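Labels run A, B, C, D and E following the written order; every chain starts at residue 1.
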Amino acid sequence: MTALAAGIAMLAGLGVGIGIGIATAKAAESVGRQPEAYGRILPLFFIGAALAEAVAIYSFVIAILLVLKV
Amino acid sequence: MTALAAGIAMLAGLGVGIGIGIATAKAAESVGRQPEAYGRILPLFFIGAALAEAVAIYSFVIAILLVLKV
Amino acid sequence: MTALAAGIAMLAGLGVGIGIGIATAKAAESVGRQPEAYGRILPLFFIGAALAEAVAIYSFVIAILLVLKV
Amino acid sequence: MTALAAGIAMLAGLGVGIGIGIATAKAAESVGRQPEAYGRILPLFFIGAALAEAVAIYSFVIAILLVLKV
Amino acid sequence: MTALAAGIAMLAGLGVGIGIGIATAKAAESVGRQPEAYGRILPLFFIGAALAEAVAIYSFVIAILLVLKV
């Protein structure tokens, strides 16, 4: 049951993958349109992508903890 | 059963990942269009991303509490 | 069973995460288009984000209460 | 049960696949419109795609750990 | 159960298929509009498609490992 829980926890990555993709897509589009805004879009994109990635890492930590107990 | 609960709790991260991605996408797009509005968009984006991230942390806390009891 | 209930309760965060993301996205977009409307968009965004966040906190409180009884 | 868990963990790749696809699509479109912005779009796209790919690798690691215990 | 798990793991390919499709579609569209940008769009598209394809291969590896144990 703990194994199943680890698998389910990783499903959060489904949303994180889509989210980072959307963020990257729009950031790339914006840099393409306004290359001079690159210095401002990049840190904003970094913060957003890092916060989303953190969510996947939370799930990874929980899954690792559960797997080590299987 | 507590393990399974921890896994299910992390699923909230699925929505948080998508949400932060959408927020980052539009914030980056807006900064690209109106670079002079950067000083106003950034704090707004920070508040939104932090509130969404908090939701993932709530799930993480519940999952940790459950895992420690497995 | 109470543990499972706590996990399921946190699933509300899935919708809250998406919701806050959409709200932040459109608020950032609107400030970018009409920077002079910032003073009116910010409180509106605050109220919306706070109300959505409250939903996640309700789930968190219920989950904590359930976990302490496991 | 550990086998089933490994299978479910890989489902995170569903979102990662869509996310990388969206990011690639918009990056390609932007390069097509503003070829001179290529030097700025490429690193941004790399960071986003790498962060999304990392999410799939987290799931892969969990699945491998679970499979080795089947 | 391991057989079922192998089947579920391959579902990640559902998202990868959609993602590569979106990437290919936009890349093709962009080359059609700006044929001179072909040399820059092609490597970008290759990287994105390869990263998405890798996600499907992760699932394939897990499924193979599970099938060999059935």
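Convention: a residue touches a chain if its C-beta (ideal position, glycine included) is under 8 Å from a C-beta of that chain, and two chains touch if they have at least 3 such contacts.
Heads up on the chains, UniProt names are A, B, C, D, E = ATP synthase subunit c.
The structure displayed is predicted, hence computed values, not measured ones.
> Need the central chain here, defined by C-alpha centroid distance to the all-chain C-alpha centroid.
Minimum centroid-to-centroid distance belongs to A.
> Give me the rotation angle that lays the C-alpha atoms of chain C onto its copy chain D, rounded to the nearest 5 degrees.
Copies differ by a rotation of 75 degrees.
> Counting in whole Å, what is the centre-to-centre distance of chain A and chain E, each centre being its mean C-alpha position?
18
> What's the distance between the Cα centroids of chain B and chain E, rounded to whole Å?
About 26 Å, centre to centre.
> How big is the gap, in whole Å, between where the Cα atoms of chain C centre and where those of chain E centre?
Chain C and chain E have C-alpha centres separated by 33 Å.
> Chain A to chain D: how many Å between their CA centres?
9
> Could you pull out the residues of chain C that touch at least 2 other chains?
Residues 14, 17, 21 of chain C touch two or more partner chains.
> Within the complex, which stretch of chain D touches chain E?
Answer in residue numbers: 1, 3-8, 10-29, 31-33, 35, 38, 41-42, 45-46, 49, 52-53, 56-57, 59-60, 63-64, 67, 70.
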